[in-house]
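The structure is given below, and queries will be raised subsequently.
Note that the chains are named A, B, C and D in the order they appear, and that numbering of residues resets to 1 at the start of each chain.
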Amino acid sequence: MNNVISPRQDPTARPFLELRDLKIHFPTDDGLVKSVDGLSFSLERGKTLGIVGESGSGKSVSSLGILGIYHRRNANVSGEIWLDGQELVGASPETVRGLRGKRMAMIFQDPLSAMHPYYTIGDQIIEAYRVHHKVSKKVARKHAIDLLARVGIPQPDKRVDDYPHQFSGGMRQRAMIAMALSCDPELLIADEPTTALDVTVQAQILDLMRDLQQEFNSALIIITHDLGVTAELADDVLVMYGGKCIEYGAATEIFDNPEHPYTWGLLGSMPRLDQPVTERLLPIKGTPPSLINVPSGCSFHPRCAFDGRTGGASDTVVPELELTGTSGHRVRCHMPAHVRQQIWHNEIKPTLEGTGGHSVASMSELPSASDEQSEEVA
Amino acid sequence: MATRTDTSAPEGIKAPAKAIEGRSLGRIAWTRLKRDKAAMAGGITVILLILMAVFAPLIVGWLGHPPNEFHQDNSLLAAELGGLPRGDFLFFESSGISGDFLFGLEPQNGRDLFSEIVYGARVSLLIAFLATLVSVVIGSALGVIAGFFGGLADTVISFLMNVFLAFPLLLFAIALVGVLPDTAFGLSGNSLRIALLIFIIGFFNWPYIARIVRGQTLSLREREFVDAARSLGARGPYIIVKEMLPNLVAPILVYATLLIPTNILFEAALSFLGVGVQRQVVGEPGVTWGGLLSDAARNSVVHFMFFPGMAIFITVLAFNLFGDGLRDALDPKSKR
Amino acid sequence: MRNKGRVLAAASAVFALAVTAACGSGDDTTKTPEVKPEFNAALTSVFNPSDKPGGTLKMAISSDWDSVDPGDTYYGLSWNLLRLYGRSLVMFKAAPGAASAELIPDLAESLGVPSDGGKTWTYKLRAGVKFEDGTPITSKDVKYGVMRSMDKEVLVNGYTYFNDFLDLEAGYKGPFKDKAADTKAITTPDDQTIVFHLKQAFGGFDYFAMLPATVPVPAAKDTGVKYKEHVVSSGPYMFDKYEAGKGFTLKRNPNWDKATDPNRKALPDAYDVKIGLNADDIDNQLISGDLHVDIAGTGVQPAALPKVLQDNALKAYADNPAVARLWYTSINPKVAPFDKKECREAVMYAVDRTSYQAAFGGEFAGGQIATSIMPPQIPGYAPTNVYPAGADNKGDLDKAKAALQACGKADGFEVTMGFRAERPKEKATAEAFQQSLARVGIKVTLKGFPTGDYFSLYAGKPSYRNSPSTGLGLMVNGWGADWPDGYGFLSQIVDSRVIRDSGGSSNLSVMIPEVDTMIDQALAETDVKKREALWAQIDKRVMEEAVILPGVWAKALTLRGKNVTNVFVNEAFGQYDYLSMGVAQ
Amino acid sequence: MAGPAGLVCPAGPAAQAEIVVTFFIRRTIGAALMLLVVSIATFLIFFGLPRLAGATPETFAARYLGRTADEHTQQLFAEKLGFYDPLWLQYWNWIKAIFVGTDYDYGTGIEHCAAPCFGYSFRTNHAVWDDLLDRLPVTVSLTVGASILWLVTGVAVGVLSALRKGSFFDRAAMTGALAGVSLPPYFTGLMFLYFFSYQFDLTAPGGTYVDFTDNPGEWAYSLILPWITLAMLNAAAYARFTRAGMLDTMGEDFIRTARAKGLHERVVVTKHGLRAALTPIITIFGLDVGLLLGGAILTESTFGLKGLGYLAIDAINKQDFPQIMGVTMFAAFFVVVANLIVDMLYAVVDPRVRLS
C-alpha cells in the first residue's frame, strides 16, 4: 500500500505534497494510541483534498503531523512527508518551523480559542508575518490591514486593533484565514473551518476559501466531518476511519460510487437539501473505535452490517487499500468490488435517494469519540 | 420504517454486538488510583495514621510509656543541666533516644516523646476530619444554594465568601479561641476546646468548598437531565437532592480530602501559637504536635523539634499525596 | 549594632581583646593582675574591680518592662537600673554579699529620723543636688514625686505603700486631678526638709524612703503617663534617646556632682539599652561579648543553660545568685474540697517537689526546693518544713492518702489549676502537678490565662477564682520581695486585708485572721530582732494552714558580660548591681 | 461578503474611560462595604462576645489600669472610656475615631488621638495606629523579600516542570513542591534556626531585625532565614500552580496556532504560554501579598520578628482588644485593597474582562 497516490497523479512529476505511510503513534499509560496508522496520499497545487471522518479518526492529527506540530518526546512518527521535494519527517525541527506559516499554513476550528485572547488581531497577524519576513512593524501592520480587507473585514484599519473576543464568530474565522494567508502559503490546511459557524456564514467562508485558493494557487486540505463541505470544495476525498484511510478517490467518484460501508453511512447521515423531506436521518450506529485497542481485522467490522459477507476475514485480516475501477479510486474492504457495487446500487442508493435525507441533525451529533482521546493526541 | 433501527438495517451500520460493560465512576477511579504509586503510599500512610490514633493506647503500651508519665530519674535526665535528657543518637544530641524511648525524652519532665507523638495523632486527625466535615456541610449547602437558585442568594453568599476570604483567618481563629467562655453547650475543658476548634476551623474554611460546589452546580444546572427533571415537574429540593448531589459527590470528596491537610496545618498552627488543645490527665492527654513544637522552640533540643515537626509533615504529605491522586483519578482532565 | 555574623563578631571581639591587652600591658598605673573568671566569682565579692571610667555599657532585655518612670514601676530590674538617673531618699548599699541589705542615705543626708513613736519621719536633703537642667532639687520635688505616684489611675503600676500608710485627708485627689492639690501628710518646712506623717506607727519607713517614688520629679516637667518618655534625671546619667518598646540610651548628666553622691562610681560614659531582643540571642551575645548585661537578670534561657553548664570556660563567666523570690502555688480554701484542710494537706504531701524544681529549670536555673514561704536570705528566716514531701522530696504518698482519707475523698477528687499561659515554667509546673497528684487520684484540669489578666480578672479576682463554676483550686503564683525584709516579702501575699473584690492582689489564698493580727504586731514592734522573729512565726503559721505550696526559692544562672568591670550581685535585687558596673576598653 | 451585522462595536475612548471610572467606583464601594462588614464582625467578636462570656465594662477598664486599681477607679474609667454605652454606640464612636480622631482622657489631661485613630492600647497606653505603623516596616520587609523570592523560584520551577513534563526534573520538582506545601513554616523555621544559626552560626539568630535604612546589608542578613522559610512554602505552592496553569495553557488552541505560525518555541512559550499562564498567578500573588502584609503570623512568631503578625499574637495573648481590632482591620484593609488592585490589574492584563 505504499503507492497510494493521487487519483489524478501525473506519474512523471513528483507531486507538490506527498505522504507515504505516515504513522503517528502516542505511547500512553493505557497503551499505544495509533492516531494515524499508515496514511498515504498526494496533492498538487491548486487542488483541494477533503479528509473526512468522525472525531478521533486521525484526520486532525495527520494535518498537525504535516505541519510538524507534535511533541517529539511523546509521539512516534514514521513514514515520509514530502513537500515540494523536501522530506519533513526526517528534517530538523528548525527546518520544519521555518516552513510552518510560510509555505504551509493552517486554519483552525473554533477561532475564539485558537487566537490568543490577550493580543489584538493585528498583533497576531503581524507576528505571523514578521517571523518569516524581516520587515518593520509598520510594514507588517499595513500588510495585516490589507489581509483583513482581503478576507472581507470592514474597516480593517480600525478592527486591526481589536481583540479576538470583540469579533463575531464569522469575522474571527476570516481573521484566522487572514493570519494563515499572511505569508502566501502554498499549502493551506483548514481543520473544520466552518464547524463553529452558523449556516449562512459557513457558505460565505467556504466561498472565500475557494476564491483565495484560486488566487494564491495553493494546495488546500479541508478536514471535516461534514461531507457537504467536501462536496462544495474538494477535488479528491479521503475517508479516514480508526487512523487509516478506508476510501480514497476523486470527489465525484466518492459521491457517486462509494464502495465502503462506512462511506455509505456517512452519506446516509448527510442532510440533502435537494431531496424531498420524507425520512429521517440515517445515523451510523455504534461508536468510533478505540485507537488503543483497534478492533482486529477490519477495524470497522464491529459496526459493519456486512461483516457476514466477508467469509469470516473481517475480524482476522486487515484489508488492504486496493484500487477499484480505473480512476484511482481505492477502498479498504474485504468484500469483492462487484459485491460492494451491487450493494451500493441495489440496497443503499435507493434508500438514500428514495426516502432519503431530510434531517435536522448532521454528523456532529453522531455518537462521537470520547473527548479524552482526541485531547490526548493534541 | 422499523427496520432502520434494526441491526440489519440496510444503511449498513449495526450496533456493537456487545455493549461495553458499564463501569461506575468509582470503579474507574479505583483502577486509576491503584496505578498511582504515590497516591497509594499516601493512602496507606493515612490509614496507618488513623490506626495509630485509634489504637494509641495499645501502641504506647507496647512500644512506649504512658504519655503523661514523667521520667525524671537522674539516669535519664541530667538535673544538673536543667533537665536535659542524657544520651545522644546520631545528630540528636541530648535526646535520650534508646530502645526504651524511641524518640527520646522531653527535656525537664522526661515524658516519652514517642508516646506523645502517637497520642498527638488523635487530636490532629479528630479535629481535621470533623472540621472538614463542618466545612463540607456548610460549604456544600451554601454552594448548592448559590449555584442553583442564583439571584439574590448567589449575590449574598458570594459576598459572604469574599468577606471570609478577606478575614485574616488565623488571627481570627486565635482571637476567637481566646475570647470564648470556658463552659458552654454543656461542655467544658478540652472537649469544649476541641468542639470550638472543630467549629472555628470548619467555619472558616467553608468558602473553599462552597466555591467549588457553586461552580459545579452552575454547570450542572444547565445540563439536560436537570431540565428534564424540571420539565417533569420536579421541584428545587428534589432536583438538588436527587439530581445534583450524586454529581457533586466526586468534587466534594476530592476537595474535602485536600482540605484535611490544610486543617491539620491550621490546628497545628493554633497549637503552636498556644491556643490549641491543652495537656490534661483527665481522660485524653490532649497532646498536640503543634503544642510540642512550641515547647520545643524554647529548648533548642533538636529531637524535640524534629519528631513533632516530622509527624505534622508526614501526615500532611500523606493526605496531600492521596488527595492529589484522588483528584487525578476522579477528574481525568487534571491528569498529570 | 550587631555585625554580619557571629564569626565576624567573635573575630572582632578577639581583636578588641588583643588590643585591650596590649594597651593594658603598656599602662603601668593600673597594674591590676589579669582577673581569672570563675563560677560565682561575683556572688559575694566584686569581680574585676576597677575605677576606670569610660566606655558604653550595652544592656538588653527580651521583653519590655512596665515603665522607666520612677513613680510608675514595680520591676526589680527597673529599681536596680533607675538609680543611674534617679536618686531616692534612701538606697541599698551598692556592695556585694549581705552588705547590700543595709540602707544608706542617698538624696537624704541621713536615714529618716522618726518621731511621734514612729508616726512621723523626717529627712534632710543633701545640699547642691541638681536636676539635669541645673535646677536645684528641693524637698518639694520629692514630695511631688510621691504625690503623683499615688494616683493609680494615671500611674497604674506599682505599690500602694504610701497610699496605705500616709495620713491623707479624705477626698485627697492628687496632682493629676487637681493641679493645686496638696496634702498635710507630707510637709516641706524648707527646701531641704521633708516630713512624712503616717496613719500608724511604722518602724521600717526607711524602706519606703528607698522606693523609687521618692525620686524627685519637677512638677513643671511632669507629663503623666508620658513622663517616662523623658524622665528628668537627678542621678549621674540622663536620657539621651528614648524609643518606646525599642530601647533608650543614657549619657552623662553634666549637672550631677560627684561631691553630693558618695554612693555612685558612674564609670561608663554611656549606656545603651535595647528592648525586645530575642532572649536566646541575648544569651548568645553575652557569650560572644557583644552585650554586657541582660537586664532581666533572671538567667540564661533553657537553650543556653546546658551550653553554659557543660563548658567550663563559659561557666566561669556565670554566677548563680539566689533571688528573694518564691515560686509557689496557692491552694484556694474557698473551692471545694479545699475548704477541708485535710484535702489541702493531701496536695501538700503528694506533690513531687523535685518536678516543681525541674519545671523551673533545675537547681541552677530554677532554684532551691522551698520548704516554707520566706526565702533564707530574708533576715529572721527560720528553717521550717511543716509538710515534708518524703525523704527524696518526691512526695509522701502514704501521708497524702491518709490525708485524703481524713477529708473524706479517699478516691481523690477533681480540681482546676490556673497558670499564666505565656509562662512556660508555670505551664510546666501545672503539668508536674497533674502528674504527681494523679498518683493519689487527684485529677487536675489545667487552664491557662493571659498573663495581663491573670491577677486583675481571673486568679486575682475573688468572684472568679471562688465561683463554683469557674473555681480555681490551685493557682500557680510567684512573689519577689519588694525589699529583703519580712514585711517587704510577706505582707502582700499573706495579709488577707490586701485582697480586694476588684481583683489584682497577689494574695490568692491566705485568709487567716490570726496571721493578720500577727502582722499588725510585727509592724508595731520596734525591736528589730523581735520583729524578725515574728515574721518567721507568721511564715510557719501560714504554712500550717496548707494554703500555700512553696515550690522553689528562685536562683538564676546569670552571665557576666565579657569586659565588664566591677561586677557583683546586689542581694537586695538578686541581680548584678547595675549602678557599679564599668566596662573595660 | 458578510455585513457587519454581527459585529460588536468597540467603545470609543471616552466611553472606555467612563467605564473604567464606573468600574473603579463600583469596586471601591464594594471594598468599603466589605471592610465595614469585617469591622462590625471584628467589633462584635472582641467587644460583644466577651460581654456574653461574662466580661463587664469594669473588666475592660481594668485592663487599662494596673492591678492595684480599686472597683471605684475601674468604674470611673469604664465611664470615661464609654464602656457603659450601648454596643452600637461604642462601635459608632470607634468608627468615627478612625475618620475624625477622638479625645482620650488619661488623667494628665485630655489627649487627642488624631485620625486615623484606632483607639488606645489597653496595655501600652499608646495610640494603636502608632504601634501599627511602627510594626509595618518589619512585615513589609519580610513580605517583599519573601514574595520576590517565591514568585521567581516558584514560577521558574513551575514553567520548567511544565515544559519538561514527565522528566526527572519535573518529578523531582513536583515531589519537592508537594513536600514544600506540606511543611509547616514554624517547623522549617525552627529547624533552620537550629542548624544555621544555633549550630553553624551562619545566619542571624531569631528576633534580629535591622532597619533597611540603618544598614541594608544587615537588614538582608537578619531576614534571610525568614525569607527563605516563608518563600519555601509559597514557592512550592506557586510551582504547582504555575505548572498546572502552564500545562493547561500549553494545551490551548492558541498555542497550537502560535506553533503553526512557525514561531520559535521560545517565543511560543514566553510570549504566548507564559503570558496567559501567569495572569491567574499574578492574581493569587496579589492576594497572598495582601494577606501577608497584614502579618505573617507564623513566620513572625517563629523568628521573633516584631511585625504586625507578632503584634497580633501578642495583643491576643494579652487581651489587648483595641490593638487586636487595629491589627485585624489593618490586615483586612490590605486584603481588600489587594483584591481591588488585582481586579483592576486583571482588567488591564486580560482584555476580555469587561469592566462593568
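Keep in mind that, in the parts below, a contact is a pair of C-beta atoms (placed from the backbone, for glycine too) under 8 Å apart; a residue touches a chain by one contact, two chains touch by 3 or more.
Quick caveat, the model's predicted, so the values are computed rather than measured.
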Handout entry: Shortest contact path, subunit C to subunit D, counted in steps
Key = 1
Completion exercise
Set B-D beside B-C; more C-beta pairs touch across B-D
Handout entry: Centre-most chain [mean C-alpha coordinates]
Key = D
Completion exercise
Per the C-alpha centroid definition, the whole-Å distance linking subunit A and subunit C comes out as 92
Handout entry: Whole-Å gap between the CA centroids of subunit B and subunit D
Key = 25
Handout entry: Whole-Å gap separating subunit B and subunit C, where each centre is the average of the chain's CA atoms
Key = 48
Problem - Multi-partner residues of subunit B (each touching 2 or more other chains) - result: 178, 274, 300
Problem - Sites on subunit C at which at least two other chains make contact - result: 280, 303, 421-422, 450
Exercise for the section: List, in ascending order, every residue of subunit D touching at least 2 other chains. Expected result: 166, 198, 317, 319
Exercise for the section: Sort out for me which residues of subunit D touch subunit B in the complex. Expected result: 34, 37-38, 41-42, 45-46, 49-50, 52-54, 165-166, 175, 178-179, 181-184, 186-187, 190-191, 194, 198, 244, 247, 291, 294-295, 297-298, 301-302, 309, 312-313, 316-317, 319, 324, 327-328, 331-332, 335-336, 339
Fill in the blank from the handout: The subunit B residues in contact with subunit D across the complex are 38, 159, 162-163, 165-168, 170-172, 174-176, 178-181, 261, 265, 268-269, 272-275, 290, 293-294, 296-297, 300, 302, 305-306, 308-309, 312-313, 316-317, 320-321, 324, 334, 336
Completion exercise
Within their complex, subunit D touches subunit A through residues 1-2, 4, 6-8, 10, 166, 251-254, 256-265, 267, 272, 275-276, 279, 349-352
Exercise for the section: Mind listing the subunit C positions that touch subunit D in their complex? Expected result: 1-2, 4-7, 62, 151-154, 156-160, 176-177, 222-226, 244-245, 276-281, 284, 303, 421-422, 450-453, 455-457, 460, 500-506
Problem - Parts of subunit C lying in touch with subunit B, wherever the complex brings them together - result: 280, 301-303, 305-306, 309-310, 352, 354-355, 358-359, 361-366, 414, 421-422, 424, 428, 431-432, 434-436, 438, 443-448, 450, 469-470
